[in-house]
């Protein structure tokens, strides 16, 4: 069977992880990555063990690479000619412009959460609405926070139905190494509701959602508290069992040292995960409680890698490689090391 | 009328603010402050405009002060002989030991939230249970977080009743200048429920409460989201009106720059408040929403000064200066500059 | 004697402090402050005890103030008509544009360090080159870091001459409350040499200077290490004595709790200084050492208020109010509470 | 040839890296690691690809491991019986107690920088004094900062001699994930001189050293500025060439994005290094300048992994595996991926 040829446009924080995620799929291969300048991430890739072929967006950008002794394999048109589908991980707003090019070349594309919704035919989440993405040309993923908490909400929703949620996002404001943004000694409050809970309602229109967003000066993953009214009352142990059965949720115990966003990051480092990345959200076991018929719990969303699985799902839906959600996600999970399960 | 004589034991972050708060009351005077070593705060007080007489705990501690040229007025026994009541703001656990001394001298005392509940006859909050503190010898204040969110919960409770709350505390982990504690680039999660919501249920036993606590690396005040089920449905504007009428709640607008814990701190600095302190909690107007019959909103609790008003209330209750809550709190508020109102 | 009439254009972090600094001078008065929108600082000023008259830059900006119930006294032309001199504390680059207006109205002006040097006739520091600023129409102050370390270098220079310096600046990257910039969990290195040491050489051309600049995620003042080759060898105690005699340098002891930028901030809060500001740089006594003939020491520069004294000096030089440096600075120091001394 | 059997006692931040470093040496094998409780790092090791056999310190500690389903291979005595040498990476002070046990069993041991100097026969640095460690039973490594800057100072010293240094350390105060220490929004100053420059003088007694230490709230590596008087004047390009030739120094360019401690960390993550670790210190090319006959430059020391190479060197010296420094270090460097060179 020939492999699906994936091009990654934009090799930043997200793009490099999408490339690695696609390369891990037995039924996919990465034909190359596109960037506009030889960034730190490009240099690191070249100094690492298995670099992808590098393409520039425009030919005029090739010189800066060549001056560094970096081989350039062509421009955007060249890579599009080789690809079945594009993962666009360019900065917010650029994807919409790129779409016109992809369209003119007849290529399908998956966009990230920074783009506006109208860039795509479907606003997509692998678990929550896979079927809507099947055979569609342009899918847009939910952003990292939303991708993360929808996993947990959908997990309960699939089991007993969810009526409403109230979510407080404690958001890391920059990625490790970022110098272009950040706040110091400050927790910044946003208007309620935020785009993340609105996005949840777009993906899961049967659920009422509201909540707060507070930006805090950390780099290692969002912490999110979720208050959720299930359609059928769940005990704490039932809820924990549901979460433990989910391949993209890792239930962890504060008592065992998993007490923070950064403990998860340290665990991933010490375990030897590439880039210290986690695909799973973490769910802190000791934070799961019920109040009357409602459920309350706290999760950690690793902002850099969390969207990779759902982006791979999107490739499967769009082409489509699988029309059946269970079949598709089981493959994604298997190849990303989260077990051959749904 | 003779003034009530107040002794402050422990001149740290809290103690110095309690002293200033008591000194601002027309019907109270600070007879002195007790500390064990010439700290930065002691030095700052002496370099400032109106220092309080300094006492040591034990005579042997006086030399360290005298070597710095600081006059010592006596020891704990000496100041107790002059005082009607003690505000104990010593580090957690010390207050319980000091209580035996206060008791042996027949002095009433007010303890802070770091002590265990059994140090006191009553666990006290000026607004939520003033009447329970009247004429009691030993009162313990709620801690800063609990003091802050009880104000908001009690505000709604007094108006329409409150059935239950779900609270997420985003907790600053150190005060400005602290070097003995802190976390960096990390948001640490605690077991649910935390002591703060348990404390709320001790003070307001008719309300069911749960919630999360996340420690974040900031120094300027806690941010807290509150989901609250009122006994009678409230519109957003009704809720905002109730909050605006409360003398110890300052309703602020994100759109006007009040967008964070630190914006409140900067406002207090620029306004010229001593130590850039705020007695009021801030309530972010654009975060007040309803979901069905429930209310959701976000507040900021300035951890250093927030307990001052309720501590002054406690003096009034304990002696008692006023047996009527409304009368007592109106005076506290007036002298602290929050308006002559309840 | 009639007072010198000072207008402050730009009421941000620096502008509000310059206004207060000028208002504290017995021989000056602040005729008003100019801003373009009702910021948090404007609101705080109005809620405080002694607000200055507010002017807008352009009439069209007045509505936003009036909607908040804030009285507007006129526009830039109106205030210039009343002023003898302007303190321009607008964002970097705006001052250069404003200069044309000041010039057209025949008004002298003092610019801050964010402007380019060519905005002014003289690049000015009260202690290092007062005489150059006398009677000049347009002076530009050194930036906060440079203002601070020049005080210390000049202090030694005046005593025994300074041959060269090597300076490492550990720079706070934002002011308390800033949300528009910041880095998190990162120490960012700049090319050597930085503009600050170049600026020192412009002000003190007889000294050779180089050094590093590292941005760190703090808000409360820069920490700077200085290696200095004096023309005549100094003992540690001689050097400390020189620093202690300087009215704008506060020699502090780590052993007494003055162990950081934030300890200085806390001291100023606890002392009751408005906005917790310090005009003095702090010099950490236990960091003063000699190596062979060289001197090494560490200072703290409070970035928000440190330029106020030298800006007041600049008013005195420009008009001139005093042609003699000693006479001028003695007055500035006296009115700012640093003692009637030079 | 049989491999040298290495036991690692203490599997924390340092211990796990030493174990991996030893395991990478073709002529060494790790017979096991000792810890007292199933920490996050132990769990991560077991969840990773190649766990080491786990031993407990005392038998009574085995239950806690077994309850988690973790196989325990024995106690300290058991592992010592199998080992040729011990790498002790226990918390500061514990190593001294452990030494008595190692001694009673006739085992050589290498201690880390947290122990007091008298724990060892020699205070050791692979490059600066390898010969002193040859055949000695107990070696103590320099701490992370000192290990890092001695590399750079020794590099110049070996080429032209070094007369003196003045060093400013901007120290990260916690490792990623640490919750037991940290400062927030604060840069804390230590007395001059600090232990690090004293340690340099112990290792390199022919060099005069002083300098400052400032703690800052970051987790990703120390930034250090070094002013150095060489015995023979060096041009910037000569100095850069010397640094570039050093296998444990990576010369990087700010202009290429290597602008901070965290940029180095991000580079290592993106490159795919295990735990995002770097063995090399980074030297920022654009910070290398001369002033008269002196050299000034800035380095980054990755605190977690930097001592690994010199610790491996210590094994080679102590046993000894190689009596010749060049031969020993060339092997260490080769096996750790820094090139087969000295």
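General observations
For clarity, chains are labelled A, B, C and D in written order, and residue numbers in each chain start from 1.
Note that in this section a contact is a pair of C-beta atoms (placed from the backbone, for glycine too) under 8 Å apart; a residue touches a chain by one contact, two chains touch by 3 or more.
Owing to the predicted nature of the structure, the values given are computational and were not obtained by experimental measurement.
The minimal number of chain-to-chain contact steps leading from chain B to chain C is 1. The interface with the greater number of C-beta contacts, when B-D is set against A-D, is A-D.
Distances between chain centres, each the mean of the C-alpha atoms, put D farthest from chain B.
Annotation: 43 Å between the Cα-based centres of chain C and chain D.
Chain centres here are Cα averages; for chain B and chain D they lie 47 Å apart. The distance from the centre of chain A to the centre of chain D, each centre being the mean of the chain's C-alpha atoms, comes to 36 Å. Residue positions of chain B with contacts to 2 or more other chains are 176-177, 179, 183-186, 188, 217-220, 259-260, 262-263.
Taken as a graph of touching chains, this assembly is fully connected, with contact between every pair of chains. Residue ranges of chain C in contact with chain B, taken from their complex: 16, 38-41, 43-45, 47-49, 176-177, 179, 184-185, 220, 256-260, 262-263, 265-272, 274-276. Within the complex, the chain D residues that touch chain B are 173-174, 176-179, 181-186, 188, 217-219. Remark: chain A residues 164, 166, 168, 170, 172, 183, 185-193, 208, 210-212, 214, 216-221, 223, 225, 227, 254, 259-263, 284, 286-289, 291-292, 294, 296-298, 300 touch chain B in the complex.
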